[in-house]
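Shared chain: subunit A. Partners: subunit B in the first complex, subunit C in the second.
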Partner chain A sequence: MDSIFLHSNPDPAPAGDGPLRGLKVALQPNLAAAGWPAGAGSRALAGYLAPEDATIVRRLRQAGAMLPGYTRMSEFGWGLQGSEAGRALREHAADAELVLDLAGESRVAAARAGACGFKPSYGLVSRFGLIGLMPSLEVCGVLAGTPAKIRGILQAVAGQDEHDFSMADEPVPDFAPPKTKARRPSLGIVTEALDLMSGEQAQAFRDLQGSLARSGFIVREVSCPDFPLFALVHRIIGSVEASSSTGRYDSVRYGPRAPGARNWNEMYLQSRGAAFGPLLKRLLFQGAFFQFERYEAYENACRIRARLLAAMQRLSAQADVLALPAGDGEPGGNPATPADIWAGFSPTLFANVTGQPALILPPAPDGARPAIQLAAARLQDARLLAAGEELLDAFQGDS
Partner chain B sequence: MDFEAVIGLEIHVELNCPTKLFCDCPNRPGDEPNLNTCPTCLWLPGAQPRLSQAALEKAALVCLALDAELQPLSAFDQKVYYYPDLPKGYQLSQAHQPLARGGGIELTAESGSPRMLRIHHIHMEEDVARLVHEMEGRRPISLVDFNRAGAPLVEIVTEPDFRSPREAMEFVKALRTRIRYAGASDCSLETGTLRVDANISVRPRGSAEMNTKVEIKNMNSIRHVGDAIAHEIERQVAAVQTGETVVLHTRLWDPEKKATVPMRAKFAGPCVPDPSVPAIELTADWRALMRARLPEMPAARAGRLATQHGLTADESQALSADPEIAGYFEALVGGDVAPRPAMHWLLTQLLPALKERRLELGASPVAPHRLAGLLRMLARDEINANAAREVLIEMFSTGDAPEVIVAARGYQQVSDPNALEALIDQALAANPAAVADVRNGQGKAMGFLIGQVMQASGGKANPKIIRDQLNRKIDAAG
Partner chain C sequence: MRFSQRIFCGQLTPEDIDRPVVLAGWVDAFRDHGGLLFIHLRDRSGILQIVFNPKVVSAEVCRQAATLGAEYCIMVGGQVARRLAGTENPNLETGAIEVLVTELEVLAPAAAPPFAISEKAMVAGAPSAGAGPVDEDLRLQYRYLDLRRPAMQERLAMRHRIFQCVRQFLDSRGFLEIETPMLTASTPEGARDYLVPSRVHPGSFYALPQSPQLFKQLLMVGGLERYFQLARCFRDEDLRPNRQPEFTQLDIEASFIDEEFLYELVEELAVRMFAVGGQTLPRPFPRMTHAEAMETTGSDRPDLRFDLRFVDVTDVFPGTGYSIFRQILQRGGVIKGFNVKGQSAHLSKNVLQNEYAKEIAPSFGAKGMTWMRAENGRLESNIVQFFSPRELEELHRRFAVADGDVLVLIADPSRATVLSALGQLRLHMAARLGLIPPGRLCPVWITEFPLFEAAEEGGVTSSHHPFTAPDRTDFDPGNIEELLSLKSRAYDLVVNGEELGGGSIRINRPDVQRRIFAALGLTEKDIQERFGFFLRAFEYGAPPHGGLALGMDRTAAMILQTASIREVIAFPKNRSAACPLTGAPSTVKREQLAELGLLNLGGAETLPGVARQEDRLDRLSWVSRIGMTAEERPGLAAVLNEADQLAEQAARHAGPEDPVYSAVPVTNRTRPGTEARRSPFAESGQLLNNAPAVKGSYYKVASILE
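Up next is the complex of A and B:
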């Protein structure tokens, strides 16, 4: 068995003494830590040493967290093939992991590891120092054993950053734990998300829904007929953004420069051509196709995105939190195709498209209960984590 | 067949902000290569752009100076193109939602009637790196200097309203003046802070069709703009007349050969919005604030100079063509110099002297208060015009005050009639023929006699007194 960490931090002792003192947080190499080999899982960045800490990393250090190192990741964090997200938690080498969530990776990886996976609201955590792929869809997610740990990490890292002006000027939710136990939150089951499941999976989710109702949760069905469009919108916008912006990973000033080119222009083109792996190349080709050959499809996807955002906001008004199945991510085994990833993550893509927070609670260790995904309106992150705790409490009471 | 040209311009202006567009690096492209760089302008992984407020304000002033309308909402996009001067593979530019739309400049056509040349839109973008091609022994090497990467630019895209090289040249001149007035750029075609590209097509005169256009780049002076456009029109007309089809492409102007040559196209496609730069929302208050901050524009200044100082339209326009010149003129007038001598000495003495020394007015060794001192001495008849010219030249080399130079060199004018009388008598006695000519009404002869007296005085005599005395004596003798 190879080591858990692709890069082990020789000096994991925290710089600060704060609320996260002693908490071990594993990172992936698409989040810059000064001097660490931030290769983002791509040949294009082989040997690239991060010049400075990402804002998230700096804030973790200041809050007293220990950073044991980088774990293995898929190329630019897209999908989970080749990723070992969750392993450090499973093998008790870390108390939490930070994993980029482009399609649901952080949430699904957590569920696979028997932990909670949280994707914060878009714009709540800084992107400075994040080596990204799909800028408007991806957010740094958090994997940890309990919502309380996730809450502590968010309290330390969330909020305005003078290095990231893309963050909206809006109040940071109060992540302090709720003082009094509120009434049980109402859950809105998104019917159309269940249609994406196999019959067996859907039945397991229905059983869970029943047991939650018996535990005193108000459970109602809510409907978003356009839910299947999330995959289409994600596919077009995600691939176009990736295609347009990955040119910046030039593999010339770092990474392997292509040998044998006759001139500088050719050298640049060949280096770019050799930099990326087959799965990413397929993604970039799709994006280039939409950008250069079907631009109107991209524009339509942007319009549909706005419509989906409004639809999900309406749903959020019908219940305290939304509840959906978690999905399994892409299948293991064969090299995945982009289509496998969009299909495997179909229940989780919506939160990347809308920018709303989403939390997956792990399945019961014995498999008697499936994982469940909760979601709330943008910036309702604290309420969502509190609801997650309520559900976990209820599950404990059941067992 | 008679043809007419259809011309549109794309003009890049490098803003003179202290820092770059998306980071705090100094905006000094000419420094030692790669000195002014950081992870953001080197476009390293993980860097985030941060829009400079100063650049946004200067860009807004450019828009207002050209009468364009600032848009309440604008945004940056990724303009994808692959070329080694842009290792990031995309340039941040405002392709879909530009900073301003509309505007334009009204010129006087050759016929004398007013002619409006419209602007389609104005957007901001970041400059790319500079490529340097060198030889390392016998091996050619290419170097990339990122000092210019991320420098703040605005691009002004006109409507295809231009019909002649002259209109393009006049437009660029007027645009340059306005942007200099706005204090946003020195707009030098020579150093590249102003870059003009022209899109040119030709069609039968009177037709409304828009034919395939050719883009011309690399015009490094106003004259090149005119020459290159004229040449390209000729080339296209000749091509069409021989039945050739004009294809869409880009050509470079070669001022040595006085010809355009085709260049390799850069691959570029539609732009995708960049979510890492937030949309720019300009409130009505902010736009009003910028309008209030816009300095007086050249036409308004010319009008004011004409009324305040009794100048003609041509005179006041000549003074207003450059904000530095207009400012210098106003400083002279403010220093108690009458408007006409102030204008005269500024335009015909100071500027040519600066040009000879390859100096800009802003770097003039003779400050306005010094020149005003000299012109006041001239007005008080303490020195004559010849002496004043000599003193000015000396002020250039020594930097001394005019009073000091006049005293040291003994340039004080002799205006006392008694002191001049002996010299005048000598001149009359020595030149009887000239005296006779004066009596016969020949003006030239008077000039000759004045010159004789002036020479005898060592150039210090007051020519007005000499003339008065000569006239009196010749009349009295006759």
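Up next is the complex of A and C:
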């Protein structure tokens, strides 16, 4: 079997001494760490050495975290084909992993690895030094054993970054652990999310719902009839953004150049034709189609996105946290097509479209209880993590 | 008012005062002075102020005049008057007079022009509306408005006079102006042909002429003896700033002549053409062999307005203590340099070392540059300590060094590199130091070009074209070394570093021509296919002949001192070889291609442009510059069909909401306390570390065109 790390840091000792002292945080090669081969899982960046640390990486080092290396990732982090997210955690080579969450990758990978997976609010963590693919949807997710560890990492990395001009001037949530135990949070089950599951999976979730109610959580069903549209919106916007943001891979500033081009159009065609894997290429052609042939489809998707944002805000007012199933990230077909990838993430896409935080709690090790996904309104990250801890406590009380 | 009564604005002088006149033209500028309306009326001859005075003209005409706007085409009747003292306009030739209007007819109203055309202010000392620079593509898109500007009209008028001068002069010397065809067969010039498909012969093409070369020689075979033509030529070449895909050349050919005849003829002609623009060319033009030009200026079109001639100092440094020179000399290298007289005040050590030696010289292909500054009778530089007193003394002598001089030396194992880099440095320094005297014209004939150049794939190619006569005919077509030593009877006319034209004495004997073809490695079959008709003509007693072609756009631009040749062409293409006015080149309908038999050309291969129009997969591959293999096509086509359905769904479900492009509203922000600065990675060059190809401090890319 392959080594856990695609690139092992020869000198993982931290420079700083802070709250994360001794915590081993594995990175994906789409986060720049000075001198590391940040290839982002793509041939388009083969041989690329990051010139400096991403803001997140710098803050981790300053907080005393140890950085053991880069894990293996899918091409630009989209889907989990070829990704080994969660393995370093499972094999105790790391205490936490940072995994880009474009469609739910960090959450699904966590559930598979038996860990907690957290996608922070969009705009909460700096994107400076992140090699992204879908800028308005993706955010760096955190995999760790407990919500408390996730909280610690967020405390160290979240917040304003003078290098990232896309971050809004918003207050950073206070991630300090709650001092007093508040009342048990109310849970809103998004019924339409259950409709996306198989009968068996839905039944398992219903059972979990019952046990939570018995543990003293207020559980109510909430409804978002447009929930199935998240996939449509994500597919159109995601492909357009991917097509647009991969425009930078031109074999001029970085990446391999196909030999023998007679002029620069040929250089682009050949180099870019060879740079992207078959799956990503299909995504990029879809994106190019919307960009250049059916631009109104992209605008329509953004209109629907506006409606979905408002709908999820209304749901968030009806319960402290939303509860949904987790999805398995398994592509339906082999070889996978873009549609298959999206199908595997249908319950997790919503949080990428709305930018709200989402947390997955892993299934019971014996499979008796399925994974559960919690979500809260944007910037309610601290409250969400606290709710996650309460649920885990309750589960442990059960067993 | 009748057009027959019309006279030109620019004709009127104070002698015409009180004369009734009818004028027609365009509203150049206007000024309302409390009921009194002043208009600059412009026609091709000039600009004249016309006045609508309510005391002179009816209220109805005044009302109509008030509706006039810039570039309205109008006709007026009125009377010439002297302007009031103190209101004369020195910007206008007619600034002392004006016309008091009594009649007005709007011939055609004008939409608001996209840029101001007026070049003459209505008030002394004020700037004109059209004084600011206008984007050239906008000018070209509305060229018909741009042409209304007096400066443009003046340039076209001057071009006309230059052309008239050519015709009159050559006519006086017995030359006949004869036209040759535009639709012709592809000829062996240096560039690619523009092809014209034949409908009558499907799959066959005419070529537009790159020059009338073959025809003008056939005219000589035909006994016309002296021919000229102001010929339009077409070359599908790589884009360059001052190059047009079609251009006008003065094509001259004469029989029973030698080089001296052409030198005399063309010098006299050039003197007359430049005189049209008020410029004096000194005669006779000096002559310089190609070898001398290369060795002393690094260029086959030397700019002789300034000195900076190269001196070879290779033989000064055998066994030198300076290891870089020593190694280069061990590899058979060359050391040459030039003396920048008296410029050390403007070429500091810092500029020489950090700009020239580190950046500029490497960008010209040199691996390094050695410099020395002469101060207090000594040569100073960062490496002067490595040279012996004898070497320094010899440099002093060779370059005739005086205090204040700066020596620039390039050493390289390759002579070509030394000449090329030093030649570019020569031009760079002359421009930077202002060593080029304004208004000076330095024509020169470049002679004795090599007949052949070594071809990349072995063998030789013609430096000029294969009909150029060699300096001797007793050569062995199989001996490449001998071939490369042959000189041609070709000559170029260079003025101020620009090649205005060139020509040669041609081969008139078929046996010589065949030996040249043999030297070029052409088989008998190749020769028959490509030049059969031409060679046959030479079987019938072709006279000795020769000629020359002058680029008339470039010549006119130089005579009129315009920044670009587009300024002397009525409807030029832009820098991308496109015409913003007509949109040429443009796509054509499939039916049109079908009619020309172009759809199935090249067998199963689809034509690039056509296929892209037809197949959205190819189109998307092209616009997103992502190549694809045949195996990938079905999968990619499938996702496009899927995308169609997604687009339909999105249309069905989209509501009236405004689109949201990001969960967090996107705004431009500036962080207080930060300032714009260059990335330190750019400064240190680290940014280049990941690039697949780098040259010096630049990213290296494939050329824009082949």
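Here, the second predicted complex is superposed on the first by the 395 of 399 C-alpha atoms of A that agree within 3 Å, B and C clash if a C-alpha of one lies under 4 Å from a C-alpha of the other, contacts with A are read in each partner's own complex, and residues count from 1 in each chain.
Following the convention adopted for this analysis, a contact is a pair of C-beta atoms (placed from the backbone, for glycine too) under 8 Å apart; a residue touches a chain by one contact, two chains touch by 3 or more.
Note that the coordinates shown come from a computational prediction; the quantities given were computed from them, not determined experimentally.
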State whether subunit B and subunit C clash or fit side by side on subunit A once the two structures are superposed.
-> clash
Which of subunit B and subunit C A:V240 touches, first, second, both or neither | first
Should A:A40 be classified as contacting the first partner (subunit B), the second (subunit C), both, or neither?
-> first
Pick one for A:A32: touches subunit B only (first), subunit C only (second), both, or neither.
-> first
Who does A:A54 touch here: subunit B (first), subunit C (second), both, or neither?
-> first
Between subunit B (first) and subunit C (second), which, if any, makes contact with A:A213: first, second, both or neither?
-> neither
Would you sort A:R127 into first (subunit B), second (subunit C), both or neither based on which partner it touches?
-> first
Touch count on subunit A, higher of subunit B and subunit C | C
For A:A368, select first, second, both or neither according to whether it touches subunit B, subunit C, the two together, or no partner.
-> neither
Subunit B versus subunit C as contact partner of A:G355, first or second or both or neither = second
Stretch of subunit C penetrating subunit B in the combined three-chain arrangement, among 129-137, 219-227, 435-443 or 525-533 = 129-137
Intersection of the subunit A residues that touch subunit B with those that touch subunit C = 48, 51-52, 136, 165-166, 168, 247, 250, 252-253, 264-265, 268-269, 272, 291-292, 302
Any idea which subunit B residues touch subunit A in the complex?
-> 39, 42-51, 78, 80, 82-84, 87-90, 142, 269-270, 272-278
Residues of subunit A touching subunit C in their complex?
-> 47-49, 51-52, 122-123, 136, 162, 165-170, 226, 229, 232-233, 235-236, 239, 243, 247, 250-257, 261-270, 272-274, 276, 278, 281-286, 288-294, 296-297, 299-307, 309-310, 337-339, 353-356, 378
Along subunit C, where are the residues that touch subunit A in the complex?
-> 616-617, 619-629, 632, 635-636, 638-640, 642-644, 646-647, 649-651, 653-671, 674, 681, 686-687, 689-693, 699, 701-706
Residue set of subunit A touching subunit B in the complex reads 32, 38, 40, 45, 48, 50-52, 54, 127-131, 135-136, 163-166, 168, 240-241, 244-250, 252-253, 264-265, 268-269, 272, 291-292, 295, 298, 302
